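By written order: A, B and C. Residues from 1 in each chain.
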Amino acid sequence: MATKIDRRNFLKVLGLGGAGAALAGCDMPSYATLEEGEEQVFSYLAPEEYMVPGIGVWYASTCLQCAAGCGVHGRVREGHALKLEGNPDTAVNKGKLCQMGQSALQTHYNPDRITSPRIGEKNVTWPEALAFIKEKVTGAPVWMTGSISGHQAVLLDIHLNASGGGAHYAVETVNAQVWQAACADALGDAQPNLHIDKALSVLSFGADFLGTWISPVKFMADYGAFRAAPRGVLTVVEPAMTLSGANADHWVAARPGSEAAVALGVAQVLATAYSVSTSALPSGAADAIAAMTPERVSALSGVDAKTLSKIARTLMSNSPSLVIGDGSYETAAAAMMLNLMLGNVGATITPGVELIPTDLGVRNGSTKALADFATDAQAGRIGTAFITGANPVFTAPGGLKIEDALAKIGLKVAVAMFEDETTALCDVVLPLASSLEDWGTHVPATGAGRGEVHVQQPLMEKLHPDVLGLGDIMLGLAQDAGADGLEDFEDYYGYLRTAISAMIGADLEPAWQAVLQAGKVQAPAADRAFTANGAIAINVPETSAPTAGQLSLITTARQGLFDGRHANLPWLQEAPDQISKAVWDSWAEIHPATAAGLGLKDGDYVTITSDSGAITTRVFLYKGVHPDAIAVPMGRGHTHYGRYATGIGVNPLSLLDGTADARTGEFINTTSVRVHATGDNRHLVRLMDVDSQYGRKLAATISADQLRRNQANKQGSA
Amino acid sequence: MPSLLGNIFKGWADYSKGNEEGGHHDYEHMYALAIDLDLCTGCNACSTACYAENNLPVVGEDKFGARQAMHWLRVERYFDEPDMDKIEDTNATDTQSRGASFLPMMCQHCNAAPCEPVCPVGATYHTVDGLNAQVYNRCIGSRYCANNCPFRVRYFNFYDNADSWPAPMDQQLNPDISVRSKGVMEKCSMCIQRTRAARDTAKREGRELKDGDIQTACQQTCPTSAILFGDLLDEASAISKVWKRHQVKLGTYKQDKENPELRGYRIFEELNVDTKVLYLERVREV
Amino acid sequence: MAAQQNLTHKHLTDEQTKDIDENIEWAKINADVLRSMENPRRGYWVAMFISVALFSVMIYAEVYQYQFGMGPAALNTSHMWDLYISTFVFWIGMSHSGTLLSAILHLVHADWRKPIYRFAEAMTTFSLLTAGIFPVIHLGRVWNFYWVMPYMSDRGLWPNFRSPLIWDAFAITAYLTSSVLFLYIGMIPDLAICRDNAKGWRKKLYTWLSLGWRGDDAQWRNFRFTYLMIACLLIPLAVSVHSIVSMDFSMSIMPGWHVTTFPPYFVAGALYSGCAAIITLFILLRYFFKFEHFMTMPILDKVCKLTFVIAMVWTYLNLVEFASVWYGHDIPSKEVLLAKASGPYSPFFWAMMFFGSVLPFALLSQWIRRNMYVLFFVSVFLNVGMWLERWMIVTPTLSLGYHPQAFNVMWPGWVEWAMVGGSFGWFGMLFLAFVKVFPSVSMYEVKEMVYHRKRTVYEDVDEMMNLHSGVPGPEPDLGPTPAPQTTGGA
């Protein structure tokens, strides 16, 4: 079915969407609102009643810097958003915000924003861009987005349905797909609630829950409760230290890819030394566990029997526990087996929450979607692609050859805030409003708040007049595709207001103001239920020490630059990496013994080569990485991403070959590489060049035994 | 002449009385911080929030490498634990066996600040709130204060960092706090602009300031609530309860704790600078 | 010259043992010194050119720094002070030369100082003027430097009197004022001689400066008293000024700076570098202006011995500082000391120890003391050692303070070196101008010295006076006949 994008309809969307609709700030008298749909100019001579120069007004909105969807309060003075804080009323983050959320201001005020539509190299007007799209569109268009939820997702589906039933590829490099698959297989619920705060021990196999996994701010708040008396114990098993690992009481280096073996090895110790029953496990699991003797674990992972017993002892002595895993399906599944054995299911893992309006729910991004997209594009099945919230040219594994796939797509339209590697290859680029200028609803990644849907509203007027909000664009496209039921809406604001009013069952102004002031709307929700588990296949890979001259490359994600999307924010480039404390450049983490074997010292440049590509960066020596591994964090290495990111660092994703996990189709983030010194050396710029306190009492530590003595003495609790 | 002598004697009397009472010197407030290192995950949100709140310039790789960066609050990371040396690490292998120790370090607002007496023009002084204030207008940039700071938390504007905010980034600047020019010293102010704003709000509403009215930017954003800010002279405040619970007193360089294993401590306390940031030791399960 | 054997040093000639030849004609003294102020030769202009060039580089560097901030000086969060402060202390130290020679030796009636104290006093004044540049240019906001002065500001603000930097400002101002006064007042009789022998703009200048000096009894009596009083004032000022400058460091809590012995240590170091500079300038002036008759080898000998003694005092105080740190409990201080000896700055530390404590032993050798060429280089290196000492006080402490996050090794950049070199250029400019405009040897005091030496040699005053009564004695070879003397000159 041919898609007709009617110019006049679309033009109606321009200039109205997002511009000065009702802004309800907190603690504001409800009669002081703006007229809908009118342009607003703030005059100091006759300001609005609520706008007092010098006094900030706080508006509630939602952070879109990652998929967690935390609620924010934005401080606005004289029409400018100046500071973001967490929204105290949203259950996900309870008033807290991570450094990516704080930096949303720089996303919004970034000097490299796209301010005008363009076709090829030429800046054009919106009507010209839309006319071009209308002319060139072929077949049923597809959408590539990141994780997406709320009413934007609804409109996206409506558009796709109305325009020929094209596919929606939700792509996220940093995701929890393997964990969700393991939970679905073992529990029948892909997104159960994880109660870190209720656990007395947490064992993580590479799941960076404090850094980048699912909803870090929420987990950090839970972690605070976890560490409060009685204090929980954190054990982390992973090939390279993540932020969660950096906070572990006990950190274990495991060969890349062998975390599942370690997990099953721990299960084996539990079954043998502690006689924990394996009867609750799905068939197939018990055998896998029995086969994983300490000797076999040691051979596969390098983790010795003493460590396995220690981990098992910690779990048994500190109950209830919680075991989580990431990186591969096997790891996540093995972690889930431990949960089942230890009786955590029902205690620290409880069924998740299902939104009753299911169309609002999260479409979780995955790298499988990227693989499918590449496959479909290569096969010529994609004629037109709309891309937003994703930069596949940067994040795709080098072996996927995404650029070739994209070249096969007839019309590529990017809806973006910044020029990046993907927009550089697109035919049309439409400028997108930032999260501080746009309307939307978002369902948080966890089920916190039981049906709480976060509302996003503009904190200020659009900085650049020609940008449009995502919802407005989708609404316009859907209307022009002839979708039913959308004719009455002039803009996304109108659509959203109607939809939310329907959700709360009231459409009067005060009710709407209340929603905006809270920054959230409560949707009906139902608890899911765990179902009995059937069979599960845990195929532990045969990991062994790499052959001479080879190392295992791991691409890690850090809270900060994330998957590279925040590399153009100077605050985050200058924020030292949590573990290495490096700034403004990439580095490769390598164990000192491995480095010595290769004749490397700190700051030496190395070329890391795989079958899919090569990168050259400096090494950083420390003991928080397995000797067989070389870990390069992702996020830098942009070739097109504005003045703060272009030409800085290297992109390790280009070294991956695109091998996918068998069960989930997710890209494996490790590959075999060769490392050669280039001979150059330059000091890696870090916040601090020392890793030691030199015997001075700076960050002091007390053992947990001493702490327990404190509490027993009752002379003062900690 | 008699009044001059009288003033000198009175000044001395005030000073020594203040020292006896734990350095309170007739202060109206005594703002302090407590940071729980066991809760701090090292995520760096506090540092970024400080950049956003206080108009801190981003200096770029070269200047950062030359150690001319302006991070008022820096999160340090150490891999060693000197206090735990006495306890055998049964997990020790040639890879890390424990995580790291993170230390958010900012101006400690010492009651006996070594930076205050040495400024030739008196650009840094102790306010009646107990804060160590830096007056940007008065600073002529002799940098003696920074040399005298044992924590090295004073930052000097070695450049005019105007290129840190290319338009429209300059629209994000917080108008409650100035943008400093070259030649001026700056440091953490415990978000003094928020303190003043909260006081004004309380006055406007005709009430007293209460605990929780003022949140520093770092405290407000910290996802684990590791940072606590408040008024030590307010007996009902959360912060004075924490200081009391850990038996740490102002005005002394040797704490007399009944239970020496309480977690609260101050850094470089033996230098007798009387800091107002209480750190709670990180706990490690061995 | 009538030669008389001095019986104590049989192997040396008179020239080599007598501080001054007591038979020198007073007319010759005038003539030699006045001749030194005549039109300069090429060498002088070369030296002036170099000084101006160095100073211009400094101006350029300062303009650059003024525009861009202190960043180009390679300063950073750990190293907030570097060469500016260490060179400042160095120049203050150099300034103690004149005071030592002028004031202290005057009080102990060591008259061998008389031929050389003038240029030493000039060196004092110019060192202070050079040192005074640095507290201004090291400021981040140079244009507000006057805020350190206690003036009635419209905001009712006074400087912070608790700050050692303010004490510096007062001490240096007081010392500079007193030194200038001392130099000037001590020069008045000489300026009168110059007035009587000058023409053109010089005559106007000297007439104005000599304040109508006639040389009569009343004037001489007032003069002696005033001179003595200023000398007495100057000595405690000199001790205090460098003690106060040392308090920039000792009043701080930084490891390696918080040392009680700094005040005497700095004063000893100042006297040391002053004496070494006196040797250097002595050799230069003696050579270029042919002042062999006044700046004699025995005087140089005495200066070298004095230098050696002061060097040993300095060495002792240095070792006291090291010992107290070594045996103390202050771990950061001990680490700073070890870092000085074995860390990245250790080559400069050991150079300092060598030049400061080992090299002065060369001054014990009579051969070296009498060998101008070697002695010149020895004295220059003694001062290099003293400059290194100031640098080693400032920088290693800052590179290793209390907090490990701030540990940082920093090397000065071109801006700082330009300023340091420029300060030598500025000093050179001032000193070179001085020696051509003002008498660099104190004529009247040399005459006093000759008179007093003669009195010790000749029992008979009449016979002594005969030599100057106009009765022809042995003809001195003076060159062109000098102008008639007025009462002020003779």
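The rule is short, and it goes like this: a residue touches a chain if its C-beta (ideal position, glycine included) is under 8 Å from a C-beta of that chain, and two chains touch if they have at least 3 such contacts.
Since the model is a prediction, treat every value here as computed from it, not as a measurement.
Among the chains present, the centre nearest to the common Cα mean is that of B.
With every chain reduced to the mean of its CA atoms, the largest distance from chain C is reached by A.
We define each chain's centre as the mean of its Cα atoms; on that basis chain B and chain C are separated by 46 Å.
Between the Cα centres of chain A and chain B there is a gap of 33 Å. Measuring from the averaged C-alpha position of chain A to that of chain C gives a distance of 69 Å. Counting partner chains per residue, chain B has residues 69, 74, 76, 268 touching two or more of them.
The set of chain C residues that touch two or more partner chains comprises 402-403, 405, 408. Under the contact definition stated at the top, the residues of chain A that touch 2 or more other chains are 687-688, 692-693, 695-696, 698. Against chain B, the residues of chain C that register as touching in their complex are 68-71, 74-78, 80-81, 135, 138-142, 144-145, 147-148, 157-160, 162-166, 169, 248, 251-254, 398, 401-403, 405-406, 408, 410.
Against chain C, the residues of chain A that register as touching in their complex are 687-690, 692-696, 698. Per the touch definition, chain A reaches chain B in the complex via residues 54, 77-78, 80-86, 93, 95-99, 101-103, 105-106, 108-111, 210-211, 216-217, 220-221, 223-224, 227, 231, 233-234, 236, 241, 243, 245-253, 304, 307, 310, 314, 463, 559-560, 570-576, 578-579, 581, 583-585, 591, 593, 622-627, 648, 683, 685, 687-688, 691-693, 695-707, 709-710, 713, 715-718. The touching residues of chain C, when paired with chain A in their complex, are 331-332, 335, 402-405, 407-408.
On the side of chain B, the complex with chain C involves touching residues 63, 66-69, 74, 76, 105, 114, 117-122, 138-144, 146-148, 150-152, 154-160, 182-185, 268, 271, 273.
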